[in-house]
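After the structure tokens below, expect a handful of questions from me.
The first chain written gets the first letter, and so on, giving A, B, C and D; residue counts start at 1 in each chain.
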Amino acid sequence: MIKEGDIIKLILVDDKNKQYLKKVRKGIIFEDHKRNRLTFEDVINRDYGSVVKNFIILKPTTEDFILYYLKRKTQIIYPKDSAYLLLKLGINSNSKVLEISTGSGAMSIVLLKCLYPNGFLVSIDKNMDFILNAKKNISEFCNLENINYANNLGLINFDVLSKNIFNLFKIKFDSCVVDIPEIDDVITKVYELLNSNSTIGIILPTANQVIKAIEVLKSSGFCDIEIQEILLRKYKANYNRFRPFDIMTAHTAYILTAKKILKY
Amino acid sequence: MIKEGDIIKLILVDDKNKQYLKKVRKGIIFEDHKRNRLTFEDVINRDYGSVVKNFIILKPTTEDFILYYLKRKTQIIYPKDSAYLLLKLGINSNSKVLEISTGSGAMSIVLLKCLYPNGFLVSIDKNMDFILNAKKNISEFCNLENINYANNLGLINFDVLSKNIFNLFKIKFDSCVVDIPEIDDVITKVYELLNSNSTIGIILPTANQVIKAIEVLKSSGFCDIEIQEILLRKYKANYNRFRPFDIMTAHTAYILTAKKILKY
Amino acid sequence: MIKEGDIIKLILVDDKNKQYLKKVRKGIIFEDHKRNRLTFEDVINRDYGSVVKNFIILKPTTEDFILYYLKRKTQIIYPKDSAYLLLKLGINSNSKVLEISTGSGAMSIVLLKCLYPNGFLVSIDKNMDFILNAKKNISEFCNLENINYANNLGLINFDVLSKNIFNLFKIKFDSCVVDIPEIDDVITKVYELLNSNSTIGIILPTANQVIKAIEVLKSSGFCDIEIQEILLRKYKANYNRFRPFDIMTAHTAYILTAKKILKY
Amino acid sequence: MIKEGDIIKLILVDDKNKQYLKKVRKGIIFEDHKRNRLTFEDVINRDYGSVVKNFIILKPTTEDFILYYLKRKTQIIYPKDSAYLLLKLGINSNSKVLEISTGSGAMSIVLLKCLYPNGFLVSIDKNMDFILNAKKNISEFCNLENINYANNLGLINFDVLSKNIFNLFKIKFDSCVVDIPEIDDVITKVYELLNSNSTIGIILPTANQVIKAIEVLKSSGFCDIEIQEILLRKYKANYNRFRPFDIMTAHTAYILTAKKILKY
């Protein structure tokens, strides 16, 4: 049953099925660009799946939330990429994961779902604004899923390119997700912070960065280096004229994964 | 530390880095096609990440396990597809999920990771052989991750195309994953078994099936129908000659997702 | 040397390199959206490749012309698709080709280049407006290439779904390119118009149409049926940050090709 | 009508439709791996499109010839790539084109079709073996198309990385196709050999090469630099189960195109 404060997905019942993710607030009237109106009080106490006036009211999925609700202050890691990365890195509900950097928290959310309830995520960003924004996004997501991921999360405001951060940790991590442009130094440092039996995932938009990263990974004690990209192609839901959409996202990022070799 | 019974990933240290997933068994000697040998007793009590003779010894990830260890008696749902489906369906550690059908358990494993510890999976297959094989695969995976997913899983041997199965359930489900060729009937039945606030994911190899499924979903009370395919393109980990591999998997399946609308 | 009436490609010399295809006309001043101006009289008698004020002046290629100059009254067949189709159909400078339908002439241009000087193209469209527009486009293209393709072209305004058109031809064709939505009837008729040793190419946007076309081709005496799509992925010309563009055309059409089997 | 010496395409009439390109030779019996036999004398004087015993006899298309008959002594430029390059470079039947290097002649064939009858191709290779092989391939192709492209072709055995070749030419070229690994030097030299109003096309397998080539093109007086790749995805010709083939070629080469700017 929908209550005040819930995030809902509205789909307009017409030919285009335009969609909106909104928070339910008493006293607020939603109006789309075609002047279709919905008074949120009419939504409260209804079940998800209900049709209210011209709108179908749905509960957002994880992807809906990340793509259409999460507030972006940075480029995000897209669900098509983050979902696959979890399986590549072998993360589970016991894993200790380090994330560099937090960004808008889109990857953090996907990691937290996987880590819950016994693992934990340490996520670092040098930009306090980003940390605060990510914290808010994650908090909204906890609300959406009605699961408190807060106990499994540590957010740290620090510049990883500076020298001492990696001395702070007493523990070692099972996986590290790296999403910063300058990775050379970080890869070497991360190596020290990883368990034997650990994996690293790196998200990079350009081929130049990938070329550099492969070289650094090879010389820093990583093996089983794999590089991939995920292309998501969508089709029109028209059974008389089934065909792909005209345009698609052609590139988000290259995904690198590797595993630690022990030096001895 | 590696012990007897563990599944390990062996990577041969040479130009090709050929890989093997094997279970560690005392008294067994592994020999590859080039007669490189490894006595498993030399691996026991070593840390993952160690190099033993010509081999690097690693812990398999979820993807490694599904692609290279899980015993296939059916086509499987590939990690690139199953990972994305989780986020599309909004599954989390509280979800109750129905899977039709179990097949070899590749999707079940990915669902269980996400459902643990408070959700549960009911997985149905009409073929008892497949059920037993999937059970064994899941059990091996529990061993790999050292997490007991058994309490979160019910395997049912039943032909869903028969009439009465759906009367058996007292509860309703938050999501259903359908991977059978004949879906028309099943979609209608699944509708009744789903909560308001629920999602359905369907895996189909051919366009003809997708065309039919869109029609049935639309007439059966589902909305927000999306159809997509995930293309995974891999690159050679060679920093002097960075380029995609020559060939790739061009098609596994179309992925359909939809949400339930309440009838009233 | 550029003269009045020539079509030129202007590239603005700045970060974005925005491009324009324009016909050189005395007394006309070109102005882009940022108020960069170019008096066409300053371009006349200059060589292609010259930089005039903020613009590089280039001769358009075939692709430039089709994508950015040809006037579209219909969807066009894109160069990525038409170029490949030529080689699939084995067309050369001796071929007699039938095109149904003419549309805006984008495919006709590519065919004429290949047929010149000894082959010929008969192109049919039921819409006289389209014929006239295509004729004008082809004429502009002759001007661009300084080759008179007119002798190799017959444009016919006729509705191919009507009964008698195919009785009109005394000759038989080596290849036929079909780009109309309703192909069932046409395929059967085209069969009669084709030489032994002939090929057919069909351009279809939806999977439903392809499914139908395969069935009709198989039952109408065609073999070696191939279906394909061409995906063109573009990269940014930035050597410090080499990566694909963010979005791409995901779909233009499925391309079917087949060859005639003699009935006996 | 098929005569001795013709190249034919044989398609076995069964479920798999396995294909063969063979030269018709009296006294020779073709036998496939399943011991289906065809006496070539039974094919002579038949029309293309005929069914002889278990085989359909077809005339090969340009693509058939390049992919399945042309003798490869090098990697070839694939029809999907060469076809598109023609339109990108604006080549027509008046063009003078330089090709570096000849390789097995797969690109030369596609160029010659476009250049015929008034243009010409100068193709250079440092390896005399490759030249001789390409010459033979082109000669077979002339036979297939029954068009004598020989007058439009000059093959030169020379190492373009040496200093003086470019002094040899009195004429300038409209387009140049470059397919050699080390392009830095060549690009600069080619610039001098090109007309104003000219285009260059470069075929490169690795991202590292592309990155270097963009840099060199920019500093050598080229503009309108575009980089692209062509992905060809094939579908099964089964109207009951329409779907892509399981695997595809994921990469042949990156295609760079650019145009000359005049220096002044």
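Following the convention adopted for this analysis, a residue touches a chain if its C-beta (ideal position, glycine included) is under 8 Å from a C-beta of that chain, and two chains touch if they have at least 3 such contacts.
None of the values given here were measured: they were computed from a predicted structure.
Identify the chains in contact with chain A as well as chain C, in label order.
Both chain A and chain C are touched by B, D, going by the contact rule given at the top.
Compare the two sides of the chain A and chain B interface and say whether they are made mostly of the same residue numbers, over half shared, or of different ones.
Here the answer is same, because the shared fraction of interface numbers exceeds one half.
How many angstrom lie between the centres of chain B and chain C, each centre taken as the mean Cα position?
45
Between chain A and chain B, tell me the centre distance in angstrom, where each centre is the average of that chain's C-alpha atoms.
21
Could you list the positions in chain B whose residues touch two or more of the other chains?
In chain B, residues 207-208, 211, 233-234, 239, 242 touch at least two other chains, as defined above.
Considering only which chains touch which, how would you classify the arrangement: line, ring, star, complete or other?
Complete.
Would you mind writing out the residues of chain A in touch with chain B in their complex?
Touching chain B from chain A are residues 9, 11, 17, 19, 47-51, 56, 58-64, 66, 79-80, 82-84, 86-90, 92-94, 110, 113-114, 116-117, 145-147, 196-199, 207, 210-212, 214-215, 218, 223-239, 242, 254, 259-262, 264.
Going by the contact rule set out above, which residues of chain B touch chain D in the complex?
205-208, 233-234, 239-251
Can you check the complex and tell me which residues of chain B touch chain C?
Residues of chain B touching chain C: 207-208, 211.
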